[in-house]
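Naming follows writing order (A, B, C and D), and every chain is counted from residue 1.
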Amino acid sequence: MHLIRDVLDKQLVDRQDCNMGRASGLIVHLGESTQPRLTHVVIGGPALWMRIHPSLGKLSTKLARLWGPKRKEPVKIPWSRVKTVGKDLKLDVDAKESGALDWELWIARHIIERIPGGGSEEEE
Amino acid sequence: MKKILQLTLGIVTSVGGFLEIGSVTTAAQAGARFGYQLLWVILLGTVCLIFLIEMAGRLAAVSKHTIVDAMRERFGFPFFFFVLIGMVIVAFLVLVAELGGIAFALQILTGIRFPWWALPVSLLVWLLMWKGTFSLIENGASLLGLVTISFVVAAFKLGPDWSSVGASLVPTLPDSDKANYGFIAVSILGASISPYLMYFYSSGAIEDKWDRSYIPMNRIIAGSGMTFGGFLSMAVLVAAALALRPKGLQVDTFPQAALLMTTALPRWGFYLFALSMLFACFGAALEISLAIAYFFAQGFGWNWSEDLQPSQDARFAFVYTIIILLAAVPLMLRVDPIKVTMVSMALTSATLPLAIVPFLFLMNDPLYLGKHRNGWISNTVVAIVILLSFVLAVISIPLQIIGG
Amino acid sequence: MDINIELLLGTKVCDANGEKVGRIEEFRVEDDGNSCRIEAYLIGTSALIQRLSAWTLVRPIQRALRSRKLYSVFEVRWQDMDLSDPKQPRLRISGKDLRHAR
Amino acid sequence: MRVKRLAVLSFLFTLACKPPTASEQMDSIISWLGTAGMAGRAWLNHTTPDKYTRQTLELSHDSLLEIGNGLFKSLPPGVDSASLDSALTRSREHVALMAKLVDQKDAPDFRTLLDSLQADETLVKQLADSVEAKEQ
């Protein structure tokens, strides 16, 4: 398996096949003498903008503090939760609890549902 | 049976994407200035588009990826983001032009100036996106779009000289006014080969849950749909060449374009033109707004479907809401839609490589398409599209400035 | 130490003697059910081409251009890569000892 | 790529600013006379709504005025500018009158004006040819 070609930027889906963003970063643990180990998949946020330019990464962190769902640390999914690596990465998590949908829910609550006919994200 | 219904996807893609303010104005200008001489460009554009659309559908049917999905996966976020910026700028300009087309059609029907229509029109487009389902937009737009057949009727009634029509399908250069000729040619190409068509079509294929069994159907849909669109804009060019050129009319403004069919169909020509523009531009506006929202949603991996309730794919709905409302602003500030159209069409063909080069990689990717990869013919066509559009744009636009 | 591996993409790698080897383009990993370990770092142009899985496109073009150019690719075993400073990855061995992949 | 796009944009803007030659201006004058003529004919056949016809005639009038002002500076020597000027002013007035007659639904007078407009158009066309000849 190749990390960049087969894992990075792949679509992430949760138990109910709900889209929860794309793999925007991969965290690897480097030991002194142990083999490097892939520990987490990072979703969205600064990790994404970092890849274009560090300054963009910092900027997005600042903006995220100003408004939106104020979230302390980026959303990380432990690799052990990855069930299959295929067309998508199937994760053994619940999208809403994982925090990957914070923005989706925030926009839904603060904007979309205020507009008539927007419906409510609670109903499935 | 369901697959037969899928033809509507092809037709809406062509009516919405092919015959819109862009192709009508460029074709009308071409006919009014150069007679049949530019017909070959429309033919060329149509052929290229048929290939590109077929590929977009094939990619979706085989790999279950839309073009944008695949682009983000293969080329990574930084490159994707770069393309996103380019595509969204151009698509936004085109959206402004389409809304302008609707507003102008309403102006000539009611006499109320188009800036007043800008906001109501964009609200209506938004409402359809907000409430409508994909199949509603698909079928509704393609049914209403059938009005545009009146262009063909008009062209036939004016009794064109078929031999010279046929002759003009072979590229030729004019004796004078070459710069203008090149510029209109570029705009026609931009009007026919619009990338957002490919994004829309491949997303549509996913929304309609295509699989490998659709590959033959996809060929038919792409072929017939785009040919339909191509015929229509050729008809516009012919009608302009016969009705406007003898009077020395140049289509610089929309009211002038509205006279296109008044000689061919005295009783209904004017109203048919207005309605055709109304519906065609409406279809296009819906299609472009969707394409932009798809681009964001798929690129970032959000939920996206025109069939979900807005709150189920909030970010998707948020994007098109913002885009559509923003698009109304320039029109309210009385920006001339025809100017926007010409600029955006030329820009489209100048930025075509940005959209098509990555597409060429994807269509040759064994991991996505396996044995359904592009053959050398398709690859050659894509290569030609890239070269042609770009070279034409880079050569003729400066020429236009210098004045030939 | 934890690092974001995607940020290593395209960073230049020098060998033990400080000579430039190429850019990191890809990571080969082994995933045995419970953990996913990096086996090797792929360095060089053909690693990039492979990452874009673009060989089916590049080979015919090469043939058309009659170019005999073989793009470099090195497969660096994880033991031989020193990432203590992620900004400047170095090899623990000299470039000569690198084995060309494929 | 982005740079290129900006270049293209600026090109198009300069394009919009580039001063047109005399013959190009003559072409657009003819184009607007033709527009007024066609719109007028269509209206006489009751095939276009009054509002559209009036607006289009007004638009033609304004455009003719605008182009006419610029024209005489760039006119090459040896062109009968006097008759051109008179033809332009006359047709411009006629177009303006027609726009008014549309509201009064006065078809007969409208038709007479339309015919004289046609005459002026042919005159302008001849002058346009001479301009083109002079420019070469």
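Descriptive notes on the structure:
Throughout what follows, contacts are C-beta pairs under 8 Å (C-beta built on N, C-alpha and C of every residue); 3 or more make two chains touch, one makes a residue touch a chain.
Since we're looking at a predicted model, the values are computed, not measured.
Chains B-D form the pair joined by the most contacting C-beta pairs.
Measuring from the averaged C-alpha position of chain A to that of chain C gives a distance of 27 Å. Centre to centre, using the average C-alpha position, chain A and chain B are separated by 34 Å.
Distance from the chain B centre to the chain C centre is 42 Å, each centre being the mean of its Cα atoms. Distance between chain centres (mean CA atoms), chain C to chain D: 67 Å. Contact of a single residue of chain B with at least two other chains is seen at positions 74, 76.
In chain C, the residues that reach two or more other chains under the touch definition are 9, 52-53. The set of chain D residues touching two or more other chains is empty.
By the definition of touch given earlier, these chain pairs are in contact: A-B, A-C, B-C, B-D. Interface residues of chain D, counted against chain B in their complex, comprise 1-2, 4-5, 8-9, 11-12, 14-16, 18, 21, 27-28, 30-31, 33-35, 37-39, 41-42, 45, 47-52, 54-56, 59, 125. Remark: chain B residues 63-65, 69, 72-74, 76-78, 80-81, 130-131, 300-304, 309-315, 317-318, 321 touch chain A in the complex.
Considering their complex, residues 4-5, 8-12, 18-22, 24, 44, 48, 51-52, 87, 103-105, 107-108, 111-113, 115, 117-121, 123 of chain A touch chain B.
Put simply, chain C touches chain B in their complex at residues 9, 52-54, 56-57, 60.
Per the touch definition, chain B reaches chain D in the complex via residues 82, 85-86, 89, 107-111, 244, 247-250, 252-253, 255-256, 258-259, 262-263, 266-267, 269-270, 339, 342-343, 346-347, 350-351, 353-354, 393-394, 397-398, 400-401, 403.
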